[in-house]
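Heads up, there are several structures right after this.
Next come two complexes built around chain A: one with chain B, the other with chain C.
Presenting the complex of A and B:
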C-alpha cells in the first residue's frame, strides 16, 4: 500500500466524482420523463404506439450501454446532415453525448418499471375515482401517477444504482469522471490496488447514500 | 453494404468470429461466476457472523462498484500480481497474461456476485420440509446438498439467472478496453479503418440484440423443460 499515493489522489478523485454526480442527476431527470412518456404509451391500448414503446425498450435493454454511447458519439458525427444541423452544437460535446445515451438507456428501464407499476394499481382505486365523479385526466394525474411512483420506488432505487455504475462508461468518450481519473492515475502510476480502493469506496459511499435515500422515501410515502 | 461481406474486403467473417468470441467469454465468465457463487452462497447462509461478513463484503463491493473499474483493476493489477508471485520463485521476466482469461475472470467475479444473490434467494425459498425430510432420512450434508438442494435450487433460479446472463453478456462489451477482439473491439477496429463508425456500431448493436434474443428463447425453453414436473 502506497499511502502517499492514496493521500495525493483522493482529492483528485473526489473532484472527479462531481462530474459523475452531474452526469447521473441530469440523465436521471431526462430519463424519468422519457420513461414516463413511454410507460404511458405502453398502458394506453393503442397497438401501434404500444409496439413502438416496446421496441424502444427492447433495443435499449438488449444492447450494451457502451454500444449506445459509441453510436451516438462516434456514429452520429459521421452523418452529414446532423453535422450541419443545430443538433451538432449538442452532439459534438462528449458530455451531452454521454447524457443522451444514459438518458435513453435509463428511460427504457424506467418505462418498464413504471409500466409494471401502472399495471399493478388496484382497479378499485380508479373505479372509486370514477364513481366519485372525478374526471379521467385528474384520476390519471392525481391517483394513478402518484401510486405508480410509490410502487416503483424500490425498483427505481436499483435503477439509480445501476445508472451510477453506468456513468463510468463516460470515461470511454474522453470524459474525466471518477472512473476516467482513476484509470488515468492507474496508467501513470501502475498502482491499481490503491486507486481501486479509493475510487471504489467513493462509489460505494454514493451507493450507500442512494440506497438510504430511497429507503427513507419508501417509508415516508408508504401506505 | 459490401463492407459487411465475407472474405478479403468485407468485415463479415471478422464480425462473426468476434460474435463467437463474445459468446465464449460470456459463457466462461458465467461458469467462473457459478464457481464463485457456489463458494459464497454457503458463506452467506452460514450462521457464522464472520463468514457472513466476508460474503456480504464480496457481493456488496462488487455490485456497488462500476464494472469498468473492476476490469481496470484486473487488467492493470493482474499481470503485476502474477509477476510478483513469479519473482518469489526466481522468475523475473515480464509476464503478460491472456486478455481472454483476464476478461473472463473479471466479468466472472462480477457475475458471481449476482449469481450468489440469486442462489441465496433460491435456497431460502426451498420448502423447509425438504431439509427436515433429508435429515430424517439420514443423508449427510454433502449428499443432501448435491442430490436434494442443488437440483431444486437450480430450477428455482433459472428466471433470475437469465437476468444475470443478460447482464454478463452485456458486460463483456467492456472487456474491449483490454484489447480482446470481441464484437465491440472488432467494430472499433473496423470503424477506425473504414471511417464508418455508424454502420459498424449499429451492426454491433444488432449482433448483441440477436444474442440476447436467441438466449432468451433458449432460456424460456429450459424453464419450461425444468418446470414440467410442477
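Presenting the complex of A and C:
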C-alpha cells in the first residue's frame, strides 16, 4: 500500500465525486418525471398508450445500461442527419449523452416501481374519497400519488443505489466522474489497488448516505 | 471411488497439466486495438506488426510464446501482477514508465501527429515538418507556439495513459482541453463525428484509419518525436528487482530482458523488423 498515493489521490477523487452526484441527481430527477408519466399511462385503461409504456420499459430494462450509453454516444454520432440536426447541440456533449441514457434507464425502472405501487393501493382509499364527494382529479393527486410514492420508497431507494453505481459507466464516454478520475490516476501511477479501494470507499459512503436518507423518509411517512 | 472423487481428480490433473504446459511459455501482452501496431481481424485473431514480430522474436529466443490480450489502461499493472511476462503494445520507452517497469532496446520508432477532419480551420498550419523535442532550439519553440495558438479553445482527443496525453498535459502547448478515450478506435470515431476538433496519436494510427474507413482524416502540423514522446517502442518487462533479484522469478525476469535484447539484435540484423515494418506501416519504422 502506497500511503502517499492514497493521500494525494483522495482529494482528487472526492472532487470527482461531485460530477458523479451531479449526474445521479439530474438523471434521477428527469427519470422520476419519465417514470411517473409512463406509470400513469400504464394504469389508465388505454390499450395503445399502455402498450407504448410497456414496450419502453421492456426495452430499457432488457438491455444493458452500457449498451444504451454506447448507442446514444457512439451510435448517434455516426448518423449523418442527427449530426446535422439541432439534436447534435445536446448529443455532442458526453455529459448530456450520459444523462439521457441514465434518465431513460432509471425512468423505465421507476415506471415499473410506481406502476406496481399504484396497483397495490387499496380500493378502500379511493372509495372513501369518492363517498366524501371528492373529485377524481383530487383523489388522484391527493390520495393515489402520495400513497404510491410512499409504497415505492423501499424499491426506489434500491433504484437510486443501483443508479449511483451505474454512473460509473459515464467514464466510458470520456466523462471524468469518480471512476473516470480513478482510471486517470491509475494510468499515470500504475497502481490500481490503492486508487480503486479509495474510489470504492467513496461509492460505499455515498450509498450509506442514500440508504439512511431513504430509511428516514420511510419512517417519517409510515402509516 | 465415487463419482465426485473421480471428477475432482480429473479436474486436478487437467489443472496441473494446464499450469505445467504454460509454465515455460513466454506470455506476451498486447492491446489488439492499435492498428497497424496490433489489432484484431474479424474473427478476433490478433494481427499486426507487433504480433508478427512477437512470433519472430520467440523463434529467435527458442521458446514457446502465448500472446495475451489486455486493455491498454491496465497493461502495466497486468505485467506487474504477472498476468504476462512482456508487453508488446506500441509502448514507447519513457522515463515515467521506466520508474515502474523496464524496457528492452527499441525495435521500432513512431512519430506522433495531430489529425483533423478535412475542412477544419487547423489545416495548413505553418510549422516545420518535424519537431524533435529533445533537440529543442528556436525552431521547435516557434512551432510549439504556433500549435499552442491553434489548439486554444479546441477539444483535443487522445487515448488514456499514452505519451500523447502526457505531451498535451505537459504544458508545452499551453493549457489544452484534453479528452481521453479508452482505445484509439474511440478517438477515431469521435474525431469523425466531430466531437473532437483535433486528435493526437501515432501518425500511422490515423493514416491506417483514414485508409480503412475512407473517412477524410488528414494529418496537420509537424510530426513529433523526442521529449515526452520517448525513445522508440520497446518490449516492456518487469524489473528484476520487483520480486527480488535473487528470487527465481526475479532471475527469470532478468533473463527475459537479455533474451529479448539479443533476439531484437538478431531480428534487426536479418532484416526481419524492416520487412515487417514495411509490410504493416508502408515504410521502414525499425530502429
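By definition in this document, the second predicted complex is superposed on the first by the 223 of 223 C-alpha atoms of A that agree within 3 Å, B and C clash if a C-alpha of one lies under 4 Å from a C-alpha of the other, contacts with A are read in each partner's own complex, and residues count from 1 in each chain.
Here is the rule we use: contacts are C-beta pairs under 8 Å (C-beta built on N, C-alpha and C of every residue); 3 or more make two chains touch, one makes a residue touch a chain.
Treat the numbers as computed from the prediction; the structure is a model and nothing was measured.
On the shared subunit chain A, the superposed partners chain B and chain C overlap sterically. The partner of chain A that touches more of its residues, comparing chain B with chain C, is B. Of the two partner chains placed by superposition, only chain C is touched by A:174; chain B is not.
In the superposition on chain A, contact is made by A:188 with chain C only, not with chain B. Contacts of A:152 after superposition on the shared chain: neither chain B nor chain C is touched.
Once the two complexes are overlaid on the shared chain, A:92 sits against chain C while remaining clear of chain B.
Once the two complexes are overlaid on the shared chain, A:161 sits against chain B while remaining clear of chain C. Using the contact criterion defined above for the overlaid structures, shared-chain residue A:83 touches chain C, although it does not reach chain B.
When the two structures are aligned on the shared chain, A:106 is found in touch with neither chain B nor chain C.
The clash between chain B and chain C in the overlaid arrangement falls on one stretch of those listed (77-85, 131-139 or 149-157), that is 77-85. Comparing which residues of chain A touch chain B with which touch chain C, the overlap comprises 74, 77-78, 172, 183, 186-187, 190, 192.
Within the complex formed with chain C, the residues of chain A that make contact are 74, 77-78, 83, 88, 92, 94, 172, 174, 183-184, 186-188, 190-192.
Interface of chain B with chain A (complex): residues 60-61, 64-69, 72-73, 76-77, 80, 166, 170-171, 173-174, 176-177, 184, 187-188, 191, 195-198, 201-202, 204-205, 208-209, 212-213.
Chain contact summary for the complex, chain A toward chain B: residues 58-59, 62-68, 70-71, 74-79, 161, 164-169, 171-172, 179, 182-183, 186-187, 190, 192-193, 196, 199-200, 203-204, 207-208.
Against chain A, the residues of chain C that register as touching in their complex are 73-74, 76-77, 80, 96, 100, 157, 160-161, 165, 179-182, 186, 189-190, 192-195.
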